[in-house]
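Note that the chains are named A, B, C and D in the order they appear, and that numbering of residues resets to 1 at the start of each chain.
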Amino acid sequence: MTQEQYLLLSLVAGPVVMGLLSLLIPSKRAQWWIFFLTVFAAGATAYTLKGSHVGVQFALPYFWLLPSKISFGIQPLGFFFVLITLAATMMFALFSLGFNDRKHATRVAPLWAMLVGASNGIFLARDWFTFFIVWETMSWTSLLIIGHGKKRSFNAGVFYYVLSLAGTFLMLLAMWVLYKNTNTFDINLTVTHLANAENHAYVITVITLFTIAFMAKSAIFPFQIWPALAHAEAPDDFSPYLSGVMIKYGFYGLLLVVVPVLTGNPGAKISGVPVSLYILGWISLITAILGTVVAIFTNDMKRLMAWSTVANVGYIGTALATGSPLGYAAALFHTANHMIFKGAIFASLASVKFRTGEREMHRLGGLAYRMPVTFFTFLLGIIAAAGIPPLSGFNSKWMIFQALFQKKLVLQATGLFFASTGAFLYLFRALHTVFLGQLPRRLRTVREAPLPMSLAMILMMIAMLGVGMFPGVMTLPISRVMAAMGIGSIDVTASVINGATSSINTVLIGSVFGIAIFFVLVLYLIGGRTYRLRDDMDNYSAGEDPREWGVFEAQYHYGYKFYQAIEPLFRWVPQTQPEELYRTFNRALHRFGSFIDGLWRPAGSLGWSIVFGIVFMILFGVVL
Amino acid sequence: MTRDRLIELAKQFFPEDEVIPRKKPGELEIRTTRDRVVGVLTWLQNEAGFDHLMYISGVDWLEDGEIELVYHVYSYDHKLYCMVKIRVDRDYPWAHTIHKLWAHAQPYEQEIHEFFGVYFPGNPDLSHLILPPEWSEAPPLRKDFDPLEYSMKLYEPEWFKSTDTFASIANRLRGEEAERIIRSVLNESARLHGDAPEKDGEGEA
Amino acid sequence: MNREIYLPDGYTTIRKIGERDGYEVYDLFFGPNHPGMHGNFGYVLDMMGTEIVRVRPNAGMLHRGFEKAMERKKWVQNLALIPRVCVVDPDPNEVAYCQAVEELLGVEAPERARYLRTITLERSRLTAFLMGMGGVGGAIGLYSATYLMMADRDRLLDMFEALTGARVYHIFNVPGGVRRDAPEGWFDGVLKVLDELESNIPDWDKLVFENPVVWARLEGLAPITEEEARRGGLVGPNLRATGAKFDVRRDAPYAAYGELDVEMHNAGDGKADALTRAVQVRLEYEATIRLIRQAIAKAKKLPSGPVRADVGPLHKLRVPKGDAYSKVESSKGEFGYYIVSNGGYTPYRVSVRGPSMPAGIHLAKTQLPGVKIDDVAAWMATLAICSPDIDR
Amino acid sequence: MSSKMILDLFGMTFFYIVVGLTFMGLGRKITARLQRRVGPPWYQSFLDVFKCFSKTSISHNYIMDLGLIMALAGLIATAYFMPVAKGWTPAGSSSIVVILYLMTIGYLGMAMGVSASGNPNATIGISRALALMFGYEIPFAMIILAMISVLGSSSLSDIAMSQAGGIQNWNIIRFPLGFLAAEIAFQAMIGEKPYDHMIAPAEIASGPMVELGGKFLGIAFLLHAVQLFVETGLMVNLFLGGASTWYEFVGKQFVVYFTSMVINTVFARYRIEQGIKHLWVWAGSFAAIQLVLTRYFDIFSR
């Protein structure tokens, strides 16, 4: 085994082993330190492997119980994902190190370390069997992390787990079918087999199975409910990872299987897009719109951002579904950008919750005056999320629009405009309600987040600005990855993106904006003297003193039902309440269980259950 | 229903009360007591068709030691106007609330409570609507509340007592005319408030 | 501060939601110096989202103690105070006060004076209607209506100036009649102004009453049934808009109304929303112009004579003991003065019934919860709430 | 980025502000004349801005300063991407998506600045303004998409250039329904009646302006001026054939603004949800019909 192979193995096994080892340590803080160091070690390892190591492979020898070898290898796409996820994870780990102080520490660090290993495993797996193992490891570790010892959170985690389990079964079925037909588990071989298959119905079936599995993981409609539960109930410092990194596994899967297959075997097309992708595009668009609209009327800040994640997943899906190189690149780029900005947003919300313990937005307010770093992180995060130049989110959103323009998918583009305008609504609402307006008296003593958290947030800000000004940091590797995968390439330089219908120069945009700021600043400075009010309540109240009427800061802050005026216009959108759905789901599951239970219980013997089991297994075998 | 018929009926129903026609046609007056007024008003509203409560006014009769409450009601259907008067003790003034009969009696009672100090048990809101909440003086529309005295207590007394202020204003105007006007106003004011209303005002401007 | 809270029964649930924790409800101060507020008056609105859950009227900013001040001033001096009870429509105050004094004195104004009073009152009503219709426009953003109708009102004020020397507070009536006769050619001047106003009506209809946006804003806003209006103390156009047929000018005629044919218009039938109330004012505006023409036609034929009954020197006026209630139909409805005299140089008690109290205080507390913040100004404008007569 | 370019940008900033403020003054004059008033002189807006900037101003906190600076800078930066005439696009590339999204930073800055003042009236105004964005952005986006799908370029200067050669080539002729939709949306975009929910003095006491005074109000004035320039410029470039000289451009802009002011004078204000619904129903359906006809039936294209 070469050194590279060891490094490759350590990327996957290292975090898992360190996680298991740290379980033995009783101190929570020590566990978090180990997690932090593990992530940084993994990041460093990945960085040393960067460059011309494509094709490095590693396979565990045959083991009698296993039907296949366990093999990992560096592929361009997977390794790109490894790099960006590890980069993001390092920031989140730094953030977590600050977050898990004596008061807030949770026991999820070992599990999270294992999850990081599993995550790398997903991106590095070379065969379906390995893929399945690491996928499952990822699922249950994240379930336990989301649960983190709280009943409510555990329920949310179970909901998430059951949904992804349903997806996993379909994936298993697809793998089985592929194995039946090709006699191999190797991912590349099976993809090639599919891309060259004659029977198009067969290809579509397999792809659909895979797609549904990945959709469940990425919370695309109709699986859009789980993030609102899981992201909101997960530990606050884990939410950035959940929303930034974990929701992207589905897209990795789509890019791994579906895109190459459809590039080789497109079948029928609608406006130049393969039919299945076209349908996926519409589904993603529905996801984007639904996520946006529900987010607008959500009051819980973490849940709001979870719905925003759903909406962004919709953008990525729409971009991917254009079936063009520009679309794939836009999807990849937005994946990376979303990782940073949603991570930053969740991180700043976590530090708000860290200091105040509140999650309902209307109970907060005015925190920008007390927590400037958190505020600026959030501000830059929402500017990026709303796709406003010169931050990172704009570049990828622009590319998505270019991809849609290129294929003249005007209706989808209209839908995306809708979702993107809506994004501005809910993002500003969160900004105002949490950070601006009146600072309630009980929050006057709130301090800025601790140093590691602030440092992590500053790093994220720099990343957003950097990628915003120089998208080449991301687009150039993406272009290379795409070329290596054989799905086309895009025309980019460090600061210029050439789309289908026009091109942008991000440095130019950034610098003219800077110059404009300079002009306005000069104007501001030559204007009259300014003095600051010490008292926030000293403002226009139509001639009345608010305090005389029993109105204090908290009663002078408009945050609850912020968009009540336009609520009547959105009656047609199902206002998805995750709790209710969860309860319905729970009841249905329980009823199904009772039904099964009732089938054999009257007989009063174990025999019936065995008979049923055998019949079911036979049926399953026949079907396959 | 004519006025005569109404008077007849009212006398029949409320034999203890005085029911008198007023000078103008279509107007009558019922003098009753605090305990019967709700009954009278209920009868007027429900049986006699008086569905419009115009308002309630209060009159402070200082010499009698009583406060008079006048309920002005009107019948849209019969075009009759009726004044229902009761008198309550000035030192312990209270009356039954009628906001269950006419909901908008609530602010009127609130106002009478504010300006006459009449208490209406059962009225949901007797806070100060017009006066400042910290008002601690006598109810202002009572006859024994003197606004001049109150103002002198509230503001700087010198400003009111000294005529120099006015004289200096007159000097500043540098006009004999102005001074004459101000002098006459001062005289008039002193005459009116100095218990000398019988003298004819020679300084009328 | 011990401002008690009064909330009608129907809204307790909303209040409970709001009070479960103190952060869902926030407060807005609507007045006293809010651009949408008419006069120095205010509502403290407890809001949830953009919807009102509780209203606390905030009156008293304008309180000048007129009722107390009148007890300390001579009968005739009070004439300078009373027009200020309602600024936009001052003459009904003067007439009601003078009529009550006349009733106590036992004199009657000469016929010529009664016609002059009628014409003044009706012209004052026109100015108030113009301001009211413009105010409805202003409350929903149609500022052109405000400006244009103000211009029309100015033409009327010019004629007031020609008659009384004052533009807003005319102090034209005195106990026993009016101060002076109409100057030469004044009637024709008024008729000319009326022609002008009438020719403008189609334009205002197009601008305001047929404007689809105005309809969209006002239709269905704050409906009041006839029964509610009758029992709730609503008067004047607000009452007539619901279909009730009542007008002081017809049912208890005063001045010269007994000899004139006062038209009765009802914009609604059994129920009136904001739009119906606005239209009611518009209908009465046109009817008022016709009524003035009628009155002028009759007044022109009157023989010349005194315009004031002899009640002795006014500054030495003493009014016999007794009490009197006199009411007139102002532009906002029934305006009443209850005057008690103990035979002295000054009134013993003057009590004013303004038309705005039931609507501005009571109806606000019951009807505004559930209304959006968008509609508060429009609600006030269509109900023609005039805060000075709450504060007096 | 040479020093000459910075100088150019400075000159252009001055140009935008002068044009915008002149428009504002003329708009007030037009409104006054329609309302039978004399109205202020046309240069009144300049005087207002000078006065505002010379006064002592009250700031609630640093975010208020930052927000307003960001807002004005964002709109000025947007204007740099607006092709005025041939060779008069200071920042070169003029992708329409850039313009649409850069404009948002102006709104975001304004919203941030005024809601930092802590007045609920201002916040309601902002919530209305954002909600209204929902109303007009969709029709506007649809029209732009229709144009892009015909032309194949999303650069605003390309769109303007493609209409050269006479009035028959203007998009107002080629996309009549789209122009109607854009005109309705434009009314909402510059916040004139019937869509002036954001300001609505009688409802929320001037909304966002409620806490602004001194130079902050001055910045808000300039913001409106530049906003007028950008949005009327957008209409001119999209529908009225762009321009070859700057005075032609300003003249066309004034026509657009004049129309809008006249509509503003004779309409009341909708309720906010009615306004959005109206935009969706009318502007939205016109734009959708235009889009479908253009994209799928190839009508109206060359």
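In the analysis below, a residue touches a chain if its C-beta (ideal position, glycine included) is under 8 Å from a C-beta of that chain, and two chains touch if they have at least 3 such contacts.
Since we're looking at a predicted model, the values are computed, not measured.
Measuring from the average of all protein CA coordinates, the nearest chain centre is that of D. Averaged C-alpha coordinates give centres for chain B and chain C that are 21 Å from one another. Between the Cα centres of chain A and chain B there is a gap of 73 Å.
With centres taken as mean Cα positions, chain D sits 43 Å from chain C. One finds 63 Å separating the Cα centroids of chain A and chain C. Under the contact definition stated at the top, not a single residue of chain B touches 2 or more other chains. Residue numbers of chain C whose C-beta contacts span two or more other chains: 1, 3, 26-27, 34, 47, 50, 372, 374.
Looking at chain D, one finds that residues 120-121, 124, 127, 205, 271-272 touch two or more other chains.
Contact topology of the protein chains: irregular, matching none of line, ring, star or complete.
Those residues of chain C lying in contact with chain D across their complex are 26-28, 34-36, 47, 50, 137-144, 147-148, 151, 207, 211, 213-214, 216-217, 372-377.
By the touch criterion stated above, chain B contacts chain C in their complex at residues 23-24, 26-27, 51-55, 57-60, 70, 72, 76, 79, 81, 83, 102-104, 106-108, 111, 115, 124-133, 140-141, 145, 147, 192-193, 197, 200-201, 204. Considering their complex, residues 360, 362-363, 440, 541-544, 546, 548-551, 554-562, 564-565 of chain A touch chain C. Looking at the complex, you find that chain D touches chain C at residues 31, 34-37, 120-121, 124, 127, 193-194, 196, 200-206, 265-272, 274. Against chain A, in their complex, chain C makes its touches with residues 1, 3, 21-27, 29-34, 37, 42, 44, 47-51, 56, 58, 61, 372, 374.
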